[in-house]
Amino acid sequence: MDAFSEFIRGITRDNPILGLVLGLCPALAVTTSVENAIGMSVATAFVLVCSNVFISTLRKQIPSAVRLPIFIIIIATFVSIIRMVMEAYVPSMHAALGIFIPLIVVNCIIIGRAEAYASKNNVFFSFVDALGIAAGFLLVLVLIGGIREILGTGQIVAFGYTLLSLPINPAVTTMIMPPGAFLTIGIIMAVVNYQRAKKRAKGG
Amino acid sequence: MDYTISAPPHIKSKFSFRSINRAKILALIPVSLASVYFFGIPALEIILVAVLAAVATEYGIQRIFKKKVTIMDGHAALIGLMFALLTPPEAPIWIPIFGAFFAITIGKHAFGGIGSYVFNPVLVSWVFVRSAWGGFMTPMSIPNLGQLSDLVLENGAGLLVDVSPILLLGGVYLIYKKYIEWRVPLVFALTVFFFNQTVAFFSAVMSLIQEGVLNPLMYLATMFIFLEVTDELSYVMVGIVFFGILFLATDTPTSPVTKNGRLIYGFACGLLVSIYGYFGNYVDGTLYGIFLANAIAAYIETKTLPAMFGHESLLESSYRRIMKRIPSSLKFEVISDE
Amino acid sequence: MSESNKDTVVVIGKLVLISVIAALLLAITYIPTQAQLERNIMAAQEAILGELVPGAENFDPVEGPANVDGEREILYYRALDGSGNIIGYAFFQQQTGYGGPIMVAGAVDASFSTVLGMDVLRHEETPGLGARITTPAFQNQFDGAPVQQLALRSGGGSIDSITGATVSAQAVVTALNTKINQIKTAEA
Amino acid sequence: MSTTTTFLIESMAILGGLGLAVGLMLIFASKKFKVETNPLVEEIISVLPGVNCGACGYAGCSDFAERVVNENAPITGCPVGGFDVAKEIGGIMGQEVAEGEKQYPFIKCHGGLNCVDRFEYVGFEDCKAVMMLSDGEKGCSYGCMGRGTCVRACPFDALYIGDDRLPQVNKYLCTSCGLCITSCPNDVLAFAKESEKIHVRCVSHDKGKAVKEVCTVGCIGCKICEKNCPEQAITVTDFLAVIDQDKCTACGICVEKCPQNTIEAR
Amino acid sequence: MEKALLAIFLEGVFIKNFLIIQFLGLCSFVGVTKDVKSAAGMAGAVVFVMALAATASYMIYTYILVPTTMTFLDLISFIVVIAALVQLVEFVVRKNIPALYRSLGIYLPLITTNCAVLGVVMLNVQSEYNFIQSVVFGISAGIGFTIVMLMMSAIRERSSFVRTPSSIKGLPLAFLIATMLSLAFVNYFWVIPI
Amino acid sequence: MESKRLKTIPEKVVIPLKQHNGVACKPLVKKGDQVLIGQKIGESVSYYSSDVHSSVCGEVTGIEEAPNPNGNKVLSVVIKTTESEETVAFVPKKHPSQKELITIMQDAGIVEHYGAPTHTVLKPEGKKIDLVLINATASEWIGGKYATPKEYASQMMDALKLLMKASGAVKGAIIVRKDDEDSIEAFEGVKVDGKALRVAPLLGTRRLGHYFKDQGSNVVVASQERVLGRNILNFFTYNVTGRKVALGCNPTDVGVAVCGVKSAKALYDAVHEGKPYYETVISMEGAVNCPELMLVRIGTPFKDIVRECTFNGEIGKIIANGVITGIAQYTDEVPVTKGTTRITLLTKEQVLRDESLDCTHCARCVDACPVSLLPTRLHVLAEQGRFDECRKMHIQFCIECGRCSFACPSKIHILQLIRYAKNAIEQAYEDDTPKESPNLKLGCCGGE
């Protein structure tokens, strides 16, 4: 087991959205813009890393009967912390992500990783795993957010900088509305499936 | 290789997917011509461009994914034409192009092509375009008409199809000729009719109450409102509603296959369209309403499957009770040569 | 039996311990962030008021009658210049939009003839549609707009509504009109 | 005590109390509603492919998992998962597995376009459907009809009908589940190992003359291969050559000698 | 904020439908909608837990957290309560209705991590609903959840009879259908005046 | 139309040893034997079997598996014919008893054209028959073919009496087709026990029972619409008598024996003319220039009959029986059997080659199905091999009428797929006899 491949695995095969198909709610709800996508991913990454490390540290102490409640308490603690911190120091981001910050608690990725990885592996690898998964989450969220924002508003504006703007006028407003989220992720998944099937048929 | 063998039956009906599509296109030609006459060149442009875009998209997709090219079955052209008819004449020319493209790609082929789609591709595309570029899809212009009554030549704001409800009645002929199934449009139309007449009836009763009328005969007399063309009903007598009833709701892949299911589906269409029309307008209402009905069609179907062994639904048992009264020799009607 | 009872006690003990630690961590985070939060709100309000009435030195809150708890609600602010003259009025007003309540901040000059500015503090409108009430393009229309013209263009005023989001635009206009009329009555 | 300390203690008391309550409740419930389950079964289910194809011979993946734990079903029983899954199940069950050689379906008929059709068939594209209407479309009643019952039986899209109207296997997609083999109404398919190089591509037991009438590549039972094989690996029984793969050394002599080009090296 | 119960109800069921407009509870939406039967079971379980959770959390929030000004502990206490409730339900169902347990299988524990349940609870707090409003909101969210689950599962069931391209089969198709449901809901129901 | 005998005697005939449902006959001849017309060449080996006779004089050249109109190969006696017309006499007992009649039927090889040996229909084991019907609705062409219409009617009446006697039934009826004026005219005023009968129209609840009472007779003639399909016997029985027969059961389960005109005529011939069942009347349809009725010998290969007719165009399809339920043949070597009513010929241009498109869920098949199934579902499930679900959707109750396939605008081979699934289900489940129809509520076997 080497750390780098564990990290990459989180982005590719075990990609939380495209591979494991977990944590869809935030992936769709907050990706109206790249900025929100990044904000959400960072918050999630914080919780993921902290809880993975914490749980793998304590993994020998946690009685299996109440494993789940304890995981949840740990995760909820970190979520509450990031929620309060964001509310205090980046209020606009907090407002934009709304209810989905507290909902990180129930993001299936985090509890899933705690269950499937952190409770079985040592601290270092749990840390790397969390980083990899978080990176995978970030990439997909930014991709979805980017597609939706550029098509939906004609430009990508993040943290005050206009990163990209298209001469599409008027923009496809539907893309930043709920249907746009489903459509984007549906098409992304179809493309990924298509490529995977093609690769497999060629023996990849 | 002298002879051909195949399983019986060795003859088949004259209806084919192709002839049905062609019949529908033919039935839409009159209203298309009328819209070109009244809206002028923009309407012609929209129709041509949408049909071409639809056919070209279909061709492209089938070539790219190495499927059999089926542009000759008329389905793509029909989708293009239907989208065009749902476009306002002043829409920029890229709207019908995008609409036809979206209908064929996402609406039709992403779901698997002919018969596999769950939502009417025309509606998928129209609703998407409407919610993306609401401003361009809102009908503005009023065709310049003479003194003809509304039913013959629509005197309101319009999409291309709104030009004349009467010219859409080719659809009724297609029902008569069995190109189109009758249950959905009939129940749909009846529901819309009774919904609006009932609304008119209640508002009449309410106004009597407000006026303090006590004479019960006066209340009874309001029943006659069902025989009138009330204001509420006149809002419905527009091209788009006729089009929805005859051409959109009757798209077979998006309606249930069971007989009872089709009746319920027609009712659902009528209700959803009327409710929206009551609060909003009938242009959006017809299209959104049928689109939403598409979404529940599958559920209606699962709930109306033929009864399981030994069980009978309420609907079926009453149906059977009625059937009992009918001479048994009529029940197994002989297949005639059409 | 006693063995498993002992286990149970240990398990519950651990659960309680984790809970307590969690509570401690949270409380420790809560205290500083809460303080910061209150400061944020104050700062945001001040900043907005200052932006809306650029020349003002001071804002004098006008409070309504006390409610049952003895608290007084701030109705609006008198904007005072260096010498204490009223140069305008600033206010916050909530109005229901398309997706939920919209919190609008606004200011009007002392003679109630010109709107000095408008800003949106909180809203739940559809991104890309109603949410465009926060864009400068929409908000700039209000800077210096005559109060009589304060209506959507479709209603005979000077404000361009947003395509596909009339409800949101109307809500902003209504908020301003309502509050300006209120202040006018109160000050008269 | 300062207000801060009170605050801290209060919050700890509340959450601690909640934890206590929840803990007590759960412990109570878990005792009261105890159900015996075997965690091994769940674990095995999680490593199985989950196709529920039934190729293992049991009613789906979970049934197989249960049998492995409770009835000693072979841990190598899932042909779809193959060696990898067997190894994982072995890990769970504490057993060792040795990797066997992979097998793929092999099409024992080379008729296709080389074999005459007796009639034109219009209908459902399926070999069994043709069989229901007649005893097969091809002049040879033993051979492949090329209507692709096997193709449709494969849950992994590993088969397709090639230009020669015979099925072809995509090795990368095939999982050796064997569903195609059981589906073929004419038993044209059989497993063959990668290392088995020489094959007779005919299944006809008809006499040479009858074969020649309908097919240009069928085995006519002339025994030339049998005579020429240096290893005596080939025997012709009932007008059909059969290769004993254990004896065959893949020298290729029979391939050269066969007058009908029925024997193939791959 | 005072709000008519009917308005809360219509909003919860249609206008702000949890699944396809608010994106709450999507994991079960795409995971358990392959056939109508299990979708109905899952929806039932979610609605049940939602109702329990809404009540329990309202009690905790109003009678413990607010009086002690410990509102910052809301999230953690809610989720602990929900987790405990779900596990309790799981125990009971497994013991008493094994058939249901088998068909819902792994999805029962998934409810713990279902955004919809926590979403109801958090939105109740955020919207400052009183008890009746909270319950109505909880019920309407549950109904909206169920309706969409049923529509989705029926459509997906039907999709098994048709020829969807293989790379679209499965999740991409589920999302395409969700796109359409979402388009339909978003556009249709805004006409309801509330 | 006169029925005419085939002009030439075929060079060879192929007589299948199994022309009925049940046990195949044991061959009585071997290769090289000389046989005469009417000579018994296959003997029944059980009650569910019926004898087979030679239809020509000649030499047996083989007993081999030969193509049969049902699509499979069947063990058959191949006879090379000679010009001779020597006949073996079949001497039935005069005034036979009930038991002897049954024996005569089995000896004379009388079989219903849908397969059941006639005696098993009249005397089913363990069941009692109280009503015999002759169904003359399916074959209006038989009127006036064997003889003049009046003769035909009286022969049928005689046959009905024989059938009633054989079965022990007290009542009997002949059902003709409503629009078959020839037959109605022929039967109008036929005398039974000195009483002239009227052809009674079956309408609504006025079924046979009504007319038995009304006409005060145990024998009536009634007219009725035609019903098509595989399980038509059950519907026919229900329509005519009001007795419900579940799909998968037989009319005999409710005490009704239904016979065809062909077997009735064969019985008449056997008893009164001493002629076993070795000849039958068939019609030619389709691309034939002059559709003609022909008296042909059983075992005559189709090609010998086809040769005597003229066609418009090149033959593309040869169908045994009609276009709706008939079986297409890949060779014209197949022989006429007791189950052959008709040979239909289509030209190469008439052969349908439409490619099946995807189902558009147009539900035309659903509307066409007389037993309220969902063919649109069944064909997909069958194609995908989801046979269990087919069962859940009552595929067993399909009466194989083919209306769904006929109606489908996507030209899907629905009936073929349904048969495919039924076949697979039959193999997977040994006893899958439906006991009650869910949609029609036809009741159980023997139940009202």
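So that you can tell them apart, the chains are marked A, B, C, D, E and F in the order they are listed, and the count of residues begins at 1 in each.
One rule holds in what follows: a residue touches a chain if its C-beta (ideal position, glycine included) is under 8 Å from a C-beta of that chain, and two chains touch if they have at least 3 such contacts.
Bear in mind that the values here come from a model prediction, so they are computed numbers and not experimental data.
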| item | value |
| --- | --- |
| Topological distance between chain C and chain E, in contact steps | 1 |
| Each chain counted as touching chain B and chain F at once | D, E |
| More contacts between chains, B-E or D-E | B-E |
| Chain located farthest away, centre of chain C as origin (C-alpha) | F |
| Distance between the centres, which are taken as Cα means, of chain D and chain B, whole angstrom | 48 |
| Between chain C and chain F, centroid-to-centroid distance (C-alpha), Å | 88 |
| Centroid spacing, where centroids are CA-atom means, of chain A and chain D in whole angstrom | 38 |
| Shared interface positions of chain A, touching two or more other chains | 65-66, 69, 73, 76-77, 80, 84, 170, 173-174, 177, 179, 183, 190 |
| In chain D, residues with contacts to at least two other chains | 11, 14-15, 18-19, 22-23, 26-27, 30, 118-119, 122-124, 129, 132-134 |
| Multi-chain contact sites of chain F, meaning residues that touch two or more partners | 327-328, 330-331, 351-353, 358-359, 377, 413, 416, 419 |
| Chain C to chain E touching residues, read off their complex | 19, 22-23, 26-27, 30, 34, 98, 101 |
| For the chain E and chain A complex, residues of the former touching the latter | 20-27, 30-31, 72-73, 75-76, 79-80, 83-84, 87, 109-110, 112-115, 117-119, 122-123, 126, 166-168, 170-176, 178-180, 182-183, 186 |
| List of chain F residues in touch with chain B within their complex | 202-205, 224-228, 235, 238-239, 242, 315-319, 323-332, 344, 346, 351-354, 357-364, 366-368, 370, 372-374, 376-377, 392-394, 402-403, 405-411, 413, 415-416, 419, 436, 438-439, 441 |
| Chain F-facing residues of chain D, complex | 118-119, 122-124, 126, 128-129, 132-135, 152-153 |
| List of chain B residues in touch with chain D within their complex | 1-7 |
